[in-house]
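What follows is a set of structures for review.
The following pair of complexes shares a single chain, chain A, combined with chain B in the former and chain C in the latter.
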Partner chain A sequence: MGAGHAHPLHLDRDSRVHRLAPEVKIVATLLFTIVVVVTPREEFAAFAGYAVLIALVALLARVPAGWLLKRSTIELPFVLLAVVLPVLGHGERVDWLGMSLSVDGLHGAWNIFAKGTLGVLASLLLAATTTMRDLILGLDRLRCPTVITQIMTFMLRYVDVLIDDARRMRIARLSRGYDPRFLWQVKAFAVGVGALFLRSYERGERVYLAMLSRGYAGRMPSPVEATAPAREWALSSALPVAAAGIAVAAAVLA
Partner chain B sequence: MDDVRAMHIANGIINGPVSAIFIVVAVAGLAVCVRRARVDLDDRLAPMAGLVAAFIFAVQMLNFQVLPGVSGHLLGGTLAVILVGPWVGALCVATVLLVQALVFADGGLTAIGLNITNMALIGTAAAYLLVALLLRVLPRTIASLGATALIASVIGVVVASLGFVAEYALGGTTQLSLGGIAATMAGVHTLIGVGEGLIAATTVVTVAKVRPDLVYALRAFRKQPIGAQA
Partner chain C sequence: MTAALSITGLTFAYPDGRQALHGIDLTIAEGERVALLGPNGAGKTTLVLHLNGILHGGEGRVEIAGLPVTPGDRRAITEIRRRVGIVFQDPDDQLFMPTVAEDVAFGPANLGVRGPDLDDRVTEALAAVGMLEHRDQVPQHLSFGQRRRVAVATVLAMRPSLLVLDEPSSNLDPASRRELAEIIRSLPVTVLMVTHDLPYALELCPRSVILDAGRIVADAPTAGLLADRALMAGHRLELPFGFDPATVSRGV
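The block that comes next holds the complex of A and B.
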């Protein structure tokens, strides 16, 4: 079944970015996103600079642009929100193609679109270059409480089991000629969910007891105990440092 | 805001200072939960917590139609609270959100504080208080456990969505009218809450019938398991 080793957004390649320790990648992504979010929305040049940085990292990580773009459609709901803002917003208005658009709404739309897209792309790069196991290891090394990493480990162990079981049950239901998809048919869905839950719990309980009897004590054994060398921290800090440099340059030049 | 997947706030919807404040709020809240959860987390609860988190994670991927054009997914806070208790439950929801932000780019990394505050802290706290109240006053039957799950889900989801409205009032980056947002959010989330409530109720009732020992809320509020006399 291969549960818990990869996730749908992981891109199995070998690159300098893939080989970096997970904790340095998490920190770099987080810092980069913070720099992007605190940049004032009028600094258009700065956002272009961030996009270039993302493209460079993608190149270094050997993640194809098409792959990134296809998966960045997850933020589409927010893009829709961005589209309605200029029409619904208040304040000063401009005319464009016969439509009266709010200036504040246009800025707001740009703000959501630019920051949202850059954030999604940064997260996608992290996900593409890091397996789930490594992410948990990284969070553990960043002193994330073991209760949380423990819940996360089990969650990832079970999520594939659940999805597979749900698929089997759905196929069984479909093959009996029933396909509930509307609110008034929610009972069939809910009953299936209840049965799914119990089936999975009893499987999970057995797995957990088996783990306990093999010496599990709240933390998965790690093959490499070493933490990230300073060189990796330095390499990955290039991304947030460059982003901060762009932000400062844009603020000074403006 | 018709698409309910917008439940996970992305980067840049709420301004930087407010996002930062709520990261502090979320970290403080989760720190309390972590401390209290250590007491709760025994051999029975550990796999249950993982399963509840996995379950919320999986069920959030299954979108169901609420109205034409509006699809929703579960938040799962009430389910978590009833099955694993408030502290571990909040951590389960927070873990799901963290993984979604890190791995699935769903919900911005800088908005994680907002999302955790709304869904893992405010939503589950409201649900837990209701569960605690209702299980004490309602008759000790399976049906009233289901009713509790339903009511707590609706209120929990709506309260979580109003958390977003409050954050938007504090630091929204655009000037949409606040009343309009509040009405839209509350309206859409009442519908979601009903769907969520029905599913949470059925799941909890199924578990309570077969394995009443697994339901945290029953252990906490009803010393004698309701399955015992059946």
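The block that comes next holds the complex of A and C.
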């Protein structure tokens, strides 16, 4: 970190998707996810179609598949849950490789896995192509409640400050013979975390005062003109519209 | 001519009951550079935070170039915060945007400045502190002295009529300290400089005010104040070893 505007899921590239206004990306991601979630779980073809859409966006955004897959491991706990469902599920059962699996459980597992993966991939693409500051700006322009965007603004500032403070305090502790391998020194660590909390709170107050002094009144000023051009809305609406088209087609053809 | 800053009968107590200011009267004429001296806990920062209405609630009155500081009035307070530029002690409290240029743009953008005008403000402010070539850098990656200069620029971009600096020379190496002095001297604004650094006060400010325990206890030409050993010692103000204000010729 250190760049302030970067976050661990941001991929600094130059692409059409990166350059889109943040609010249109947020809305597109949200709508796409809604379409995915409301699609009945038996519409297998529709899910394949969504996956193709995600792949196209990733290609357009120049986000490598490997990068996406590595980060999509955050959904692993849910995948595990999905694996357990067919084994423990009730009702009608099928035999597979000598195991008796619940049909309902299999559907449930597929439902979680497919929708979860698509949702995570869409969010990852949004994160990869949008800096933290732009996300905040986008939410601000979408008239997201000020409290939320303010908290995010401070997080943007704090992650760096906190990491820096924590590093300095750790060095100071180490310099005084602190060896974190010893269990009884856990206390020093706990006290350190407390001190860090207090410090960042006090610093937070000072940062806030400094912002007020420069005329801050609750909303981040946006550097460019406040509305995204219609062209950007049209371009990014392609994702949810195509997804909805796939959903309708799947329903009609079934 | 109206004074750049006029404070009359200002008192303030923190919510915990601690009385930090006991009736301050202070007038600064336009174009003056005044040092605000005083020991730790004297109330210097408390006083500074009254100048743009961040702290309020006590008695008395503060006026910036004739405009009273009225914290309840949102529009007036915006104008006050444009007129009064405060550079805080720790530049890391002041700089929070991803690039130097964006941080400098934050203040004027809050005032509604946009587009090419905003760019001009940023360029002008960064040029004034000699940091123009660092405009696209990450503030956290600059040296401490450079960050302090950018912090000054973030405030200059608002084109303030009164520049307030809280401990501007603290933590600076001698070269950065001198560079900052040159910058401050070159600015065509009224300056109120809070400092412990007495040679710095002598170098930059013809007039000094001593604040102690929430009261102004002295207000006189800096050279004379610093030469008054008893007064200085009585308020825990110490000159560096070997420094004799009588033999130093003041910089212009």
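Operating definition for what follows: the second predicted complex is superposed on the first by the 220 of 254 C-alpha atoms of A that agree within 3 Å, B and C clash if a C-alpha of one lies under 4 Å from a C-alpha of the other, contacts with A are read in each partner's own complex, and residues count from 1 in each chain.
Following the convention adopted for this analysis, a residue touches a chain if its C-beta (ideal position, glycine included) is under 8 Å from a C-beta of that chain, and two chains touch if they have at least 3 such contacts.
These numbers come from a predicted model, not from an experiment.
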(message) After the overlay on chain A, what do you see for chain B versus chain C, clash or fit?
(response) fit
(message) If we overlay the two complexes on their shared chain A, which of chain B and chain C does A:Val207 touch? Say first, second, both or neither.
(response) both
(request) Please work out whether A:Pro64 is in contact with chain B alone, chain C alone, both, or neither, and reply first, second, both or neither. (result) neither
(request) Name the contact category of A:Ile26: first (chain B only), second (chain C only), both, or neither. (result) first
(message) On the A-aligned overlay, A:Gly215 touches which partner chain: chain B = first, chain C = second, or both, or neither?
(response) second
(request) Give one of first, second, both or neither to describe whether A:Pro229 is in contact with chain B, with chain C, with both, or with none. (result) neither
(request) Return the chain, chain B or chain C, that is in touch with more residues of chain A. (result) B
(request) Kindly classify A:Ile163 by the partners it touches after superposition: chain B alone (first), chain C alone (second), both, or neither? (result) first
(request) Using the touch definition from the top, say if A:Gly245 reaches chain B (first), chain C (second), both or neither. (result) neither
(request) Considering only touches as defined above, state whether A:Arg133 meets chain B (first), chain C (second), both or neither. (result) second
(message) Considering the aligned complexes, could you tell me the closest Cα pair distance between chain B and chain C in angstrom?
(response) 8
(request) Mind sorting out which residues of chain A both chain B and chain C touch, each in its own complex? (result) 156-157, 161, 207, 209, 212
(message) Which stretch or stretches of chain A touch chain C in the complex?
(response) 2-6, 131, 133, 156-157, 160-161, 164, 203, 206-207, 209-217, 221-223, 225
(request) Under the touch definition given earlier, write down the residues of chain B that touch chain A in their complex. (result) 1-3, 5-6, 10-13, 16, 19, 30, 34, 37-38, 41, 43, 46-51, 53-55, 57-59, 61-62, 64-67, 88, 91-92, 94-96, 98-99, 101-106, 108-110, 173-177, 191, 195, 198-199, 201-203, 205-207, 210-211, 214
(request) Over in the complex, which chain C residues touch chain A? Could you list them? (result) 49, 52, 54, 74, 78, 81-82, 84-86, 88, 90, 92-94, 96-99, 102, 105-107, 109-111, 114-115, 118, 138-141, 154-155, 158
(message) Under the definition above, what is the set of chain A residues touching chain B in their complex?
(response) 7, 9, 26, 29-30, 33-34, 36-38, 41, 71-72, 74-75, 77-78, 80-81, 85, 88-91, 102, 104-105, 107-109, 111-112, 114-116, 118-120, 122-124, 126-127, 132, 135, 145, 147-148, 150-159, 161-163, 166, 181-183, 186-187, 189-191, 193-195, 197-198, 200-201, 204-205, 207-209, 212
